[in-house]
Structure formats: structure tokens, C-alpha cells
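Both complexes below contain subunit A, partnered by subunit B and then by subunit C.
Let's look at the complex of A and B:
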């Protein structure tokens, strides 16, 4: 900061008094923080507290409720549909994170290597799907995956002479690949931007030194690039995991429901069914708590694993 | 005067104050100018028909009526939430059976709709309307909405293609006849290994087709008392039939997912027959005008000779909320919109939707030949089937039951794919039993409903 920043006109006596009084009781920061705290209390802490209470009730909306103790949790944990939702969510999370992170990194490396003017165009092109909502992406892919008339099947047919009648969204075994494809298209650009920013911030002299020492491009990537972007990788993996565990609107829009044999039912979808379609907020709240614990556990585990040995 | 926290904070405060005043003023103005009746519907097709009638009603009764169109999914969820928290709700609402089911999940006193049972009896509407149509809007013997339609189901077919294939649709009187011919015409015409012509378009990704065929047999997902009622040998037989028509070497159907693909499929002549409730005939008229004069309607084939030749698909009703301040006025508006005989002729011409008021069917509009449908009087065709439309009972668990039915179908289909020569009946019955058992288990959790009995 330059000295001129401090060289305004001298304080008047009144301003000086005000400054002194503010020093003695620093009200201003609290005033600025008040809206945040109010919003947090009203829209986060109170719902959290109330959801905990609700999870022990069976409800028909918030006004009609009957205390059922742990029955909601017992029901959820023994419900085959919840098991399906849990399995789908975990499977999607593992597959989506393990496909998206390498693809996003690969794209970022490709873009980082380019020096021409098309770099910005490619960056925008890859990032653009993230600008549209997941509902739009869901509807778009539901049209692309239609048997006989859909673009995906038409392309497959013209390339391989097979696949025209593949019912992507009607075969339980094909729904997950279709979802992964759609989510890859949508989110890979978002993660790529993080990696690109991290790659651009690597000290070029480190790479140069490694090259002078005779390191191959693969060794440079493995021993210099990857460790340098480790914090961003951790961030992308953790955020990707949290987002994936909360998957709902993409499959719901793509399949206009949860698909045959609940192949696209996720934990949030299960919560939505009970809390908002059936009006049973108690069961919904219990599902919400199970999901919260799941996200917390997964995030802590990942942070511990990914940060191991970093110090 | 200097604001002590700087200009940015000052302007934020000013904006916050102005916004607050604006919101408060708008809210007050909304309350002051609330119309006498607020009416929500979920389709602009209905709204367009109602708008001139509502203007007339406003003039005749010196009242104001606000007509709004809200997407069905949004309407269902917002209304359910509004009932639950006692928030402001409209006076009249057009709704489907799913919303009626979820609205009746708890004790009767919690239902947010006005109980119309006595009004309906007093007005003798139960005699004048197709009685089966009350089933979708009733719970525990109480009627909460007036039926808007009958929605009989027929088969729409490509008359030009059938003529070329020398198929006489009048001979397809049973599903056995239909499938026999279907196996002959479903074939790969150009020898590229892909079937180029199917007998019928049947949905295999939802409950719709199967549920409609179960209803044709008189099997509703739930009985009037709310008990699950689709795990019977008769239902299993239908399930087996459906599986065989949608899978493997016996397949005669194609599923064109979505309306656009369905239209493409019709234009291409990929399928010869299409399930066609009255509301869908209008969609086809709008979406495939190029097929005008090439399409015609016939009743559904019966399961056995002499049995029912129709079913039903969908239902809309008009409910008056308990919160409505002018219930009698709302009732009068409902009567004028739904059961004014003079309006129902032109309305059929505009929508192709058959009203449940039997007296309306004598209007000449129902006998009008339609060029699009090869000059058939489609109003008369649907009206002739209307008295035989089955009852489809509303239930809070309808959505879950539909999903379970679809899964039972899919599991049976997967089994059939691997065991094409096996006896499907035990598998189908087992699947239906399993689906019904899981619904019963969910029903048994509803302590709110139990305490209400």
C-alpha cells in the first residue's frame, strides 16, 4: 500500500472522537456480520435443529406429527429402496470422481500446453456445458439417448452397424453409464478450470530444472506437476465427492423419475420421494441426517488420505 | 452528513430499505386486490377454453375471478406444501389423481379440499355423470373433486397402411386376434437385421401401458378401501401378455419414447397402432397434420369375446379448497365450467376430450365426422365406450404402486429374455406379490391414517 493512502485530509475532532469510540467498542464488524449470522441461524442452524427433532416423528406436513422414536431410521435402514439408493449414489460417486478428475486434468494439461489464440476458445467450449442447468442437460441427454431416433444410437449405428435400438434409459444396467456420460459432459469443464489455474501457477523454473536434470515428460508430470497441484486435486476430489453424493436433478430430469428398478434412485431422490412427494418430512429429515453423516465421513476420509504425507 | 460506515454500507442500507418497502407495498396491494375467486389449472389448453366462460361468469355475477396456469408438477408440490403449512391456497384447483392421492394421506380433517359429497348428491350429479369417474377423486367414501373428463381409450391406427396390408381392423376384436396378426406384420422388411414395422407402439419404460390394460380387465392398483389389489392371477396373466408383446421373438411392439419420437414413428409408419385416449387424439391432430385422412380409431380389442373394449388413461378433476371464502360462488363457477351442456359441444370440438356429463353427448358436435380421422365421428366413438370406462381409485400410494408395477414388469421381462420358453406365470405372480407386499409395508407405516380410522 502506498503512503498516499494514509495521507488524506487530517481528521476533524469529531471524527477522531468517533474513531476512538469505535476503537473502544468495535461495533462495526459485528453490524456487518449480523446479516450473515441471522441468515445462518434462520436458514441453517434452526432447520438443522428442527430436522433433528422431525426425524423422530412421522409427519403429514409440519403441522400433523406423531412421535415414532427411531422408527424412521429403522425403516430407512431396512428399506430395500434405500439400499438401492445408497448403492447407486456410492457407485455414481466413485465412478464420476474417478473419471472426471483424470479427464479434467488431461484437458487442462492439453490446454496449458497450447500457446495459440484458440486456447480461450477451447477453454470456453469445454466449460460451456457447466453454464446450463442440470435439468436442461438431463432433458437434452434424454433426447440424445432415445432408441432408433436418438443421436447417440444413430451415431453408434453408422459407426459400428449396431446399437440403433439400445434402450439406454430403459435398461437398468445402462442407466449408470448414461448418467456418467451426461455428468462428465456437464462437469468436466468446471474441474478443468481449477486444474488449469493450478497448472498455470506452477513455478516454471521447477519444470525447467527437472528437464535440465534429464527428466522425461512423464517424470516431470509425476514428480513436479502432480505434487504442485496436489491442493487443487484434493479440493476437486472432495468437492466432486460432495456434489456426487448429492446427485438428484440430473437423473430425475433425464428419466422423468428414477428409472426402471430404481436404477437412478439416489439418496437425495429417496429423500425427495418421502419429504416432498409423500409429505413425510420426518422420514425425509432422517434420510437427510444419514446423508449428512455420509458426506462428512467421506470428506474426512478423503482429506486424510489425500493430505497424507503432504507436510 | 457523513454516514459512519462508509458509502458502500450506506447504499446497501438504502437499497435494503427500498426493497423492504417495495415488497411490503406489493404484498399489501395483492391482499387488497385479491379477486373473489382464484382458479389454478395446469394446462393452457384448459385455460384457453375457460377464459371466455370466466369473463361471462364475472359479468353475470359481478365478481372477479383470477385464472392462472401452473405446471402440473409445480402445482402438485406447491399445493401440497401450502395445505400442510396452512399457507394461502387458491379457491379452485384442477388436479390429477396423484395430487388427490397425496392430499388424502392423513386424517380426513387434514384434507385441504372441500368435501363435495353432499353437494354432488343434492345436485344429482352422481346420476348424471359417468359414476366411475368419481373414483379418482374420492377417499374413504368422500368425494373431493368434480370429474372433468372420461378419457376412454381406443386404438389409433394407420388406416392407409392397414389397407395396403389387407388388415381389416373390425376383425381385431380380441387381443388374441391382435397379437396373431401382430406377429405376421412385425418384421424386418429390408433384411438389415432391424425390424422396420411393428404392430403397435407400447410403452415399456413406464407403468402407463400395463396399468391401462389392467384397468381394462377391471384391475385397479387399489380397491375403494385403499387395499393393494393388483397381485392376482388375472393381473399376472396380463403382465405375462405384456412382457411377450414387448420382448424377445414374440415382440410386436416398439416404444417411441417422447412425443417427438412418437410422431416421427407415426409418420414413418414404424408402428401400425397407437394407444389413444381422447386427450391424445387432439395431440396427434396438432402434431402430425401430415397424416390427416390416414388415421382412424377403433375400440381396444377385448381380453375375451364380449368383454370391455375400452379402458382409461388419466383424469382431471376440479376441487374447491376448504380455505375458499366463497364456496357457493366457486361451486357455481365449477358447474358452469364443467357441466354447462351448451358449452360442452364446442369444447369437444376444440379439445376432443369427452366430458363425463352423459346428457352432453347428444350434442351434434359429437357426431361430426372428422377429416383427420378418416371422417369418423370420433365423439360418438368415444361416447359409445364411455359408460364402460373402469374405475381407477385414488390412493396416497399410487405413485409408489406405479413404480413397483413397472419394476415387476421389468423383472419379468428380464427373466423372459433369459428364459424365453419358461412358464412366466409363476414369475409374474411372484413379482406382483412382492411389489404388493412392499406397498403394504409402506402403507402399514402410516400411523396418521391408522389413527384416523
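Let's look at the complex of A and C:
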């Protein structure tokens, strides 16, 4: 849509008369929102509705389909591969959120100093990995985790004299730790920025008052700092969960597929495999709905739980 | 599960002392030591990547970083990885050079950023500076739509794109994402404090509503424009699933898609695809340095304020 579609004739005389002249242009906001309306109908509402229908069909590419009722859902829920994907995704989500949040908060506390010249450099260093896309991080870490030559194993070897031969990406039980390390490196700076902003908005006099009253630093942290940053903690936890449940690109690039014994298969990976490698869009749509329900359920649960103590 | 538990334990052991130490010694030297330690860990993979791509493939695995200074020469340190990467590759669409993918990605990310910036800010302006029936409903709907994961729309959108005849075109990537709901909210937030008097003055001077938005109001939220440009650019530059699904011709692919292919093609010769990875992370880094200040303040706008 070109810019000229929005240009109006000037309404010079009219709005000068009324004090609340916003009301004299009832059409303008709707016109400005037209691109949003159109795109939402075509690429959001319609596909959302259509995904529901599609999930009841067996499809082969975008042109051929047969109605199969609930067979797609029955198939997915009894498929051992989906169980693996679900287990991997949930495990990753729980572990990554529980490691990201304390480490990000610790880094934010570390950097939270007023008038500190080095601060912006450290903030930059910690945030830098976030600029690198998941695919690129995956490619980089697929080499960093190589046995014998990779940076991770060489560092382990030089520090502990063990670990040079650990095959992180060939051993199913080691894939999840490798994935967690890579994602910690990638996302911790992003979460830290939020905690840092929250810490800097705490009223300094509050902490000063607690200190004067003789509270130890740990008590100040527990009773003043933590409650003050609660909304941001909730935000980081909920956003982290939503993002983690949609994990796909990082393990896909890191393991050049789904790994031995599907140890790096996630729900989105499962969807991708069915919808775009086998051409079964119906199963893909059904997995999409299952994932959506999972995300909605998890977010609502977390919001209820995390906001409970707040009056 | 044992290695897993070990990792968790290691992370907690690592994280907690940092928290305690920093809370205790807010002015001590330990704080700087801890900061340096963290910064080194975070930057080490980048340093390693840089060293790996300038080493010759014969000595790639001989040294963790660089060979000792006395061994520096053309045969140990060179740009052969880049030479191999940038030479044209035979594809179904004829020989394609890696430059092509860089240009594709640059074009797509810039076009997508410009389009998304324009439409998202326009919608945000309408929601911030007008009162109209249905406004609350639209905003509630937008918020609700943000909770739906993008992948659920992927399969049905694939059909839509196919029937529109947009497969293998950049339209399939640029049009569906032209309005970012997240961007609409960011811009609404940024436009709210803009005084209404400016808009009134524009109207009295006979500006059209669109010109008021474009020439009077938009320039006032420059920090948000900077922040959003970076967010949109990163989103497009790093996106993998959509280009991988919608683009088919080899000469139209983007960097994440082609590098993921090269990983399979070059297997153990990883200097080549690592060189590509290094080139692929430079443009976002340059943009970030240019927009750093705006970015960090823009990112945290909605999250910290009540």
C-alpha cells in the first residue's frame, strides 16, 4: 500500500473550532489501522481458523487432502517420537528457565553499580551473543563441542586434565546439557538487561533505610530487592517459558538434524518434520494446536502462581 | 541424567557465589574480577571463531586459538577459508557466489525493517493519539494474538502462500510480517507522551493527518525508531523457518538457510562455514553498535514501567 492512500484533504476550518478536535476525524484511525486489519484477517485469523480445520485432514502437500476426523491427534498423542519431543521440550523449558533466571539476576546484580565506567563494556560483552541468530549459534557450538579439538573440551582438559574426549553431541544424555550451555550463553544477556533495568528503578533510599536498620546484604536482597523486581521476574519467567517451548533452530543447527535417538527433537522440530519434510500439513496443524494449548496453559499457570503473593 | 544434574549443579555453583559476592562487595576488586571472568567467558566463542577462520585448514585443529607468534606465516594464517567460501558454487540456478546470499539477506532484512517500521508505527500512532469506538477491543485482541505461537500459523499460511502464487518470492516473507503487534505496542508507548498541541498545530496549519504523523510526530520518537529498527532487522536477518520453507531457488536463499546447508556440504572442513558464520554475524553487530543506546532503553520500555 502506498503512502498516498492515506493522504486526506486538509480540513482546515473545522477542527480549529472544536477543542477536542480528535473527534472530528473519526475515519483516520481506522484508515491508519487498515493494513493491520487486512494482514490480521489474511495471515492470522484465517490461518488460525483454517489450522483447526486442517488438523482434521490428512494432507499431502498444499493441494491434496482427505478428512480423517481426530485421527491426526490420536496419531500424534500415541506416537513415541512425539513423546520424546514433548519430554525434551518440557525438560529443556524447566531447566533453561531455572538456570537462566538466577544467572541473569546474578549478572545484573554484578553490573548494577552507579557511575561505573567499565559497566557498559561488560553489559555489551554479556549481551553480544544475543545478536547472533539461533542458527548461527547452533553452527558455532556444533564445532565448539567437537571432541578432542573443540574449545569446550580443550578448556575442560586444561582446567581438570579430563574431558578431552567427551562426545557432547553424539551421546544422547549429553545433548541436553550441551544445549542448555549454548542457550545460556545466547540468552542470559537478554534476560540480564531486564533485571538490570528493574534493579536501577528500585528506590535507592529503600535499600539505604534497610541498611541503616542493620539488615545484612543478604537480608536486603531477600526482603527489599527481590520483592521490588517481582514484576520483571514474572515477565522474564513467562517470556522465557514461551520462547523455550518453541525451541527448534538451535538444536536443529547444532546437531545437523534431531540428533542420535532423537535426543534433540522438540515439539516444533516434530511439527517441522511432518509439515514441511513429509508434506503432511494436517498433522503439522494439529501439533501447532497442541503446542498453543501447552503455551497458554503454562503462561496462565505461571501468571497465577507468580502473582499470587501480590496484593 | 547424571551429566545433566552435574551441569545444573555447576551452573548453580557458578551463579550463586557471583550473586552473594556482588551483593557483599559492591565496591571491592572482586567485583571487577568477577566481571572480567564473565566477560571473558562470553567473548571467548567469538575470539575462537575469529581465530578458526584465519587459520589454514591444515593447522586448524593443531592449536586451540592461534599458533605461537614465531610460526605466523602465509601457510598458517591466511584467508583461504574466505576464498573457498566466496567462490561461485554450482547450483540449479547456475553458479552462485556467497556474496549473493549476503546481498539477499541484506535486501530482505532492510526491506522488512522499513516496511514493518512504517506500518507498525502507523498503527501505534492511531492507537495512541486517537479515541475511537472499538479501540479497547482492538488492543485486547492484539495482546491476545501475541500469545499465539507463530508456528501454529505456519502450516495454514503455507497453503495461503501457495494459492496466492507467492512461493519462492520475497513477498511470502515481507507481506505476512508487515505489521508487528509487538512493534505496535512499542510505538503506542512511545507516542503517548507526545503533546497533543503539536498535532493540533499541524492541523491548524492544514497538514493532512498522514503528514502530521510522518513529518511532525514520527521524528519525535527517534530513540524508539532506532530500537525497533534493530529488533526488526535482527528478527528478519536471523529468521530460518519461514525462508527455508517458502524459498526454493538456490539463488534466492538467505544466510541462515544457506549456511545450514553448507554445514552438511563441508562436513569436517569447518573453516569454510565458520567463515560464513563470521560474515553473517557482522552486519547485526555493526547495526547494534550504531543503535546501542536506543536499543537498550527501547527494549525495556514496556517491561519496567507499570
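The rule we apply is simple: the second predicted complex is superposed on the first by the 285 of 311 C-alpha atoms of A that agree within 3 Å, B and C clash if a C-alpha of one lies under 4 Å from a C-alpha of the other, contacts with A are read in each partner's own complex, and residues count from 1 in each chain.
Rule of thumb we're sticking to: contacts are C-beta pairs under 8 Å (C-beta built on N, C-alpha and C of every residue); 3 or more make two chains touch, one makes a residue touch a chain.
The structure displayed is predicted, hence computed values, not measured ones.
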| request: Mind checking the superposed model to see whether subunit B and subunit C fit together on subunit A or clash? | output: clash
| task | Please name the chain, subunit B or subunit C, that touches the greater number of residues in subunit A. | result | C
| task | Considering only touches as defined above, state whether A:103 meets subunit B (first), subunit C (second), both or neither. | result | second
| query | In the superposed arrangement, which partner chain does A:149 touch: subunit B (first), subunit C (second), both, or neither? | reply | both
| query | Once the shared chain is lined up, is A:277 touching subunit B (first), subunit C (second), both, or neither of them? | reply | first
| query | Just subunit B (first), just subunit C (second), both, or neither: which does A:198 touch? | reply | second
| What is the contact status of A:301 with respect to subunit B (first) and subunit C (second): first, second, both, or neither? | neither
| query | Of the two partner chains, subunit B (first) and subunit C (second), which one does A:94 touch, if any: first, second, both, or neither? | reply | neither
| query | Which partner does A:32 contact after superposing on A: first (subunit B), second (subunit C), both, neither? | reply | both
| task | Determine, under the contact definition given at the top, whether A:70 touches first (subunit B), second (subunit C), both, or neither. | result | neither
| said: Quick check for you: in the superposed arrangement, does A:41 touch first (subunit B), second (subunit C), both or neither? | reply: neither
| task | Between 1-9, 289-297 or 433-441, work out which stretch of subunit B sticks into subunit C after superposition. | result | 1-9
| request: Could you pull out which residues of subunit A sit against subunit B in one structure and against subunit C in the other? | output: 28, 32, 62-63, 142-143, 148-149, 276
| note | Within the complex, subunit C is touched by subunit A residues 3, 6-12, 15-16, 21-23, 25-26, 28-30, 32-33, 35-36, 39-40, 42-44, 46-48, 50-51, 54, 62-63, 95, 98-99, 102-103, 105-107, 109-113, 118, 121-126, 128-129, 131-136, 139-144, 148-149, 151, 154, 173-174, 176-177, 180-181, 184-185, 189, 193-194, 197-198, 201, 217-218, 220-221, 231-232, 235, 242, 245-246, 248-249, 252-253, 256, 268, 271-272, 275-276, 281-282, 284-285, 288-289, 291-292, 295-296, 299
| field | Residues on subunit B engaged by subunit A in the complex (per definition of touch) | value | 4-5, 9, 77, 80-81, 83-86, 102, 105-107, 110, 194, 204-205, 254-258, 260-261, 264-265, 270, 396, 399, 403, 406-407, 410-411, 438, 445-448, 451
| Quick one: in the complex, what on subunit C touches subunit A? | 1-4, 6-8, 11-12, 14-16, 18-20, 22-24, 26, 31-32, 34-35, 38-39, 42-46, 48-49, 52, 60-61, 64, 119, 122-123, 125-127, 129-132, 135, 138, 145, 147-160, 162-163, 175-176, 178-179, 184, 196, 200, 203-204, 206-211, 213-214, 234, 237-241, 244-245, 256, 259-260, 263-264, 270, 273-274, 277, 280-281, 284-285, 288, 292, 296, 299-300, 303-304, 306
| Which part of subunit A faces subunit B closely enough to touch in the complex? | 18, 28, 31-32, 58, 60-64, 66, 68, 71, 75, 80, 142-143, 146-149, 164-165, 167, 169-170, 172, 257-258, 260-262, 276-279
